[in-house]
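Written out below as structure tokens is the structure these notes cover.
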Amino acid sequence: MRSSRARARRRRDHLARVVLSGTLQQLAGGASELEVEARDVRQLLRALGQRFPELAPHLDSGYAIAIDGEIFQDAWFAPIGPDSEVHLVPAIRGG
Amino acid sequence: MAKHHVTTTINGDPVEFLCTPAQTLLDVLRDVLYLTGSKEGCASGDCGACSVMLDGRLVCSCLVLGVEAQGRSIETIEGMAHGDRLHPLQQKFLEHAALQCGVCTPGFLVAAKALLDRNPDPTETEVRYWLAGNLCRCTGYDKIVRAVLDAAAEMRGN
Amino acid sequence: MDYRSPGTVKEAVDLLAAHNGAAHVLAGGTDLLVKLRAGVVAPELVVDLKAIPQLRGIAADANGFRIGAATSCAEIGEHAALAAAWPGVVEALQLIGSTQIQGRASLGGNLCNASPAADSVPALIAAGAVCEVAGPGGERQVPVEKIVTGPGKTSLARGEFVVGFRLPKPRARSGDAYLRLIPRTEMDIAVVGVGVAMTLDAAGVCTHARVGLGAVAPTPLLVEDAAKALIGTRVDAAALAALAAATSAACKPIDDKRGTVAYRIKVAGVLARRTAQTALERARGSTTKATGR
Amino acid sequence: MNDPRTIGLTERKLKIVGTRPLRPDGVDKVTGRAKFGADLHVANMLIGKVLRSPHAHARIRSIDVSKAQALPGVKAVITSADLCDLPSEFIPAGEMMVNYRDMTRNVMAREKALYEGHAVAAVAATNEETAAQALKLIQVDYEVLPHVLDVAKAMEPDAPLLHEEMYTIGVEPKPAKPSNIAKRVEFALGDVAAGFAQADVVVEHEFTTVPVHQGYIEPHACLATVSEDGQAELWCTTQGQFIVRSFCAKLLGMELSKLRVTASEIGGGFGGKTVVYLEPLALALSRKSGHPVKMVMSRQEVFQASGPTSGAKIWVKIGASRAGRITAGEAVLKYQAGAFQGSPVQPGCMCAFAPYDLENVKVVGFDVVVNRPKVAAYRAPGGPIAEFAVESVIDEIAKRLGLDPIELRLKNAAKEGTKAAYGPKFGPIGLVQTLEAARSHANYRVPLKANQGRGVASGFWFNIGGDTCATLNLTEDGTVTLVAGTPDIGGSRASLAMMAAEELGIELEKVRPIIGDTSALGYNFLTGGSRVTFSSGMAVVEAARDMVRQLRERAAKIWEIPLDDVVWEDGCARALGSRSSEIKPLSLADIAKTAGKTGGPIVGNAAINAQGAGPSLATHVVDVEVDPETGKVTILRYLAVQDAGKAVHPSYVEGQMQGGAVQGIGWALNEEYIYDENGRLQNPGFLDYRIPVCSDVPMIDTVIVEVPNPRHPYGVRGVGETPIVPPMAAIANAVESAIGIRFTELPMSPPRVLAAIDAKLASQSKTAA
């Protein structure tokens, strides 16, 4: 497990742990887990878009954001906690 | 196509209308007389949403020509309630939540009334085979059959 | 398209003749109106036969029954004597479509629409029913099995139409039945339909039999070989197996949206056996309703 | 922005929510007064009809409408030139990713007709007969092209190409050649290879499903009126009047506020009415003719040219330990999208293993275009197909291990905290509870006779929230009108009114719920994704709490005491503190009477993007009997168990479970699109497209499990879509247990079942001989 010192550092810089898999992982050059400085969803998306340009077009509305298991859809200002785990989940359509 | 002049009886009232020979009774009810309670689901007699009574027989009004109504008696869903009192079947369909979207409901009610008028104490199987010509996609039929059986019991009761 | 509702057979015959093939008769309309809406037929004139007395009602007399060609199946089904004498015929016509279709559909329409899968026809064939046909040349009698000549085609001449059906008085110790195979339990067109009628002698040996078969050839069939498999036997398991084999052999089916060739051939034999068993029970005197619908 | 967490679950005794009142809109539906899409007539109205392509794939060289235009009574003729051509870009419309270039082409063919029934032109005339004649006078010069219907064939490199400019997305490096594969998606967790290595038993199968239709009994219908100043009214049967406004305004180049869309009563949708077909054409015809234009699809048009769900090829492989722990799950899903990209393969991939707690999962999906109508959503879009395959293989694993099918599922069931196969951790979910309830139900112990079998399957759907507005208007006499923006297909006006009445502490009869048109409320996403009771419910509760706050403020002003000393209980404002004994409570009616004097009308409002939709899990148990001589499968008993979080109106929750189960029965046994060799539909009607009839099915037994969703004020989970997910596998498992044959192809129609029975007998006799 991460040492408490590292976790403390992360809290000061407000880094969220982002998990990528499948197609997104490919578009992010194979990275499955990364840390992103973001206090809300919009900051997260902007940071991801800058770091992986080919990811950007998909992020706009193709994905919902799961923060510690709770899914937010099109919610730019949903808060991201200092050591939240964030997943990008493809948006679901209704039937 | 020249129109025919038809005189008939609908829900007990004398009615006159003009229609072309190609117009079905369903077309006349809906688009000439604006009685839109009977619905068109298929226009081929396969869904039962247009069910009406014609001279006491349960029929699909999409498979009857408007001109064939001449001198006959027609009963539609609009005639099922009396004044402000719903027919027991209409009441039981509401109580049992035997409808969701409701587009097939008029056809089911007319058909169920035709059944109970001739067989006041049907079994579940008899209800299901009598109503096999009325398609429903929302309810899975369970609550419809329960509502018909419950209405039958109530109508036998009093 | 125009519409007329003549009061007599003669009036109807003259109307049809006047339009020289561009007029179409209407009885229940449950087939005709679907074709009209789909544009499959576009007649100049529709001649409604329901106002003509000979085409309505059911009469029972010493030598059998007479059913008006435009009488609705619902009405026929309520005729107790007919249902007692020919349970198989009544079963068959009550399987046509739904309750709503029953309120209109007629034997004349079901036969002359000439669908190979028409439900009433195999049972009428098994019962030995005969049609009364009217037309410009007067009236004539035609056995039911001689009417349909192919999908949508009949042997009726231009301007002819069926006025009624005669069913003989069933012999003693007789029974008939009809079964069909459909994917659902109601509403479908038969994938296979079998009508069987038989007569037993006092010892329980089958002396007469007729087997009608639907939906497995371009026309409904009278299957002589299947009847031969029963006549002279006690309709035991061996006879029923021979009946099944003969019935399957008579099939000349197609693959279509309802069934495959192999399926129809196999199931025709299965249904023939089951139908014959019910007809047998009825001939022996127990009044059982055909199993399944 | 209001933080959705503030309106989470609050525990308290309920008076109305959870009971079974009569629905407030029911009488009109049982008397025939309720107005559905085709039930409206207006003066000066024209009838519109569509000319549809007879070819499955053809280039349109030219269209000559001159003769049609000249026919007396014809007032307007349109082709694709009358609709905007739009660039290919993915634009969010609520939670939907829409490609307007595809949509404008699906509504009216431009370069090519891509499926039989594809709209090519449309006319508006004074009556139906003239409109039909006019269609025959339109001459279209087609260059017929080879077509492809099967998903596997469409993926081959030499297959006929539908879109010359379609390059597969989600493949690195970017492909050089165009193909019919629109998109590849992948979901992975852990290491499946390692998982399979640890497995004691591994089962894999290929599955095939065919396109099926939602089967709503009401065909698409609308009535459009565009006036000379560009203001337009559109009355139509739809699951989302706001998305219809967005789509139509885009296709016709109109400003959104100019177009008012009113949702009629809707005769069933199941996802199939979340798109536009006739609406843009009616608007274009009305704009061109200056008359109102009514258009109604025939049943044949509904089958040929609306949006059935995908046919698919699915490969699934699952490994498990002897103890019954699944060590790895892998699947490849190939879904047909129809003529334009956009099959539900992505949610299908996410759903496939969702009910289970797996460390190693890999699911790859392909979205493939074919010459069939563009696929639309059908109740849990993509889910039933994927979970039919997975739940069938899980049943095989249980048999191989000699485990009861419910036991095996219990050993692997996802619970709160489980990492979902599609990524995030689950909140509280009810799969275990549904499995336990199914196992203890009487149906699970009924003895079975010869040729009878019992099958079990579980099912999952995500459910969604989304943009939702609701308004509560307090009338002068103290009764309330509730305006919601989500069309009510199956009784949601009842459940919304129940939540409002519960919040306000008044009788249900005092609340009149209606569905507003697009000018009455802010933007509402559609009715779909099982979101209405959840999202509109949340908005109604927030609007009610907004109203209660205003009511307390008025009472505080009237009593001249601080706001904090006023509480709202049992439909009255009550004073706390020292003077509470002498102050008489004020009812809703009391405050309403003097509202004008105390500050003006009182209106409760909510406009939210509802977050926190909780998945709904289900387990179904079905008993079947197979006639070995005819192959007919009869459903003897059917049990559906599902987690509703909180059943606001239990009768309508049961109705969703029963309706979904019977749709699943149809999908499993008899429903299929049947095409001939030149791509023409053979059964575009209810006679040969066989949906279950009343006599085909038994009563559908239901058990509602309630594991509250903490993120909804009443704990609600959407229940509309999950019920259709388990049936196909449950029935296939039951048939396998009855006759020992594993069917991997749907539907299990009598010819197919008998052929398999005969093949098995033949192979047995061969081995025995």
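Think of it as A, B, C and D in the order they're written, each chain with its own count starting at 1.
Going forward, contacts are C-beta pairs under 8 Å (C-beta built on N, C-alpha and C of every residue); 3 or more make two chains touch, one makes a residue touch a chain.
Model, not experiment: these values are computed from the prediction.
Visitor: In terms of C-beta pairs in contact, which two chains are most connected?
Guide: B-D
Visitor: Hey, how far is the Cα centre of chain C from the one of chain D, in Å?
Guide: Between these chains, centre-to-centre, one finds 44 Å.
Visitor: Give, as an integer number of Å, the spacing between the C-alpha centres of chain D and chain A.
Guide: Averaging C-alpha atoms per chain gives centres 29 Å apart.
Visitor: Return the residues of chain D touching two or more other chains; collapse runs of consecutive numbers into ranges.
Guide: Counting only residues that touch two or more other chains, chain D contributes 270, 687, 692-696.
Visitor: Could you list which residues of chain B touch at least two other chains?
Guide: 1, 20, 22, 43-44, 46, 129, 131-134
Visitor: What chain pairs are in touch here?
Guide: Listed in label order, the chain pairs in contact are A-D, B-C, B-D, C-D.
Visitor: Within their complex, state which residues of chain D touch chain A.
Guide: Checking each residue of chain D against chain A gives 1, 90, 92, 95-97, 170, 172, 184-189, 270-271, 274, 344, 346-347, 350, 377-381, 417, 422-427, 462, 464-467, 525-531, 609, 611-613, 711, 721.
Visitor: Using the touch definition up top, name the residues of chain C that touch chain B in the complex.
Guide: On the chain C side, the touching residues are 1-3, 5, 26, 28-30, 33-34, 36-37, 46, 48, 50, 72, 74, 97-101, 103-104, 185-187, 293.
Visitor: Quick one: in the complex, what on chain D touches chain B?
Guide: Going by the criterion above, the answer is residues 20, 22-23, 26-27, 29-36, 38-39, 41, 129, 214-219, 265-270, 296, 298-299, 489-491, 649, 651-652, 654-655, 658-663, 685-687, 691-697, 699-700.
Visitor: Which positions of chain A touch chain D when the two form their complex?
Guide: 19, 21-23, 25-27, 60-62, 66, 68-75, 77-78, 85, 87-95
Visitor: Okay, in this complex, where on chain D does chain C touch?
Guide: Interface residues on the chain D side: 629-632, 669-670, 674, 682-683, 687-688, 690, 692-696, 749-751, 754-755, 758.
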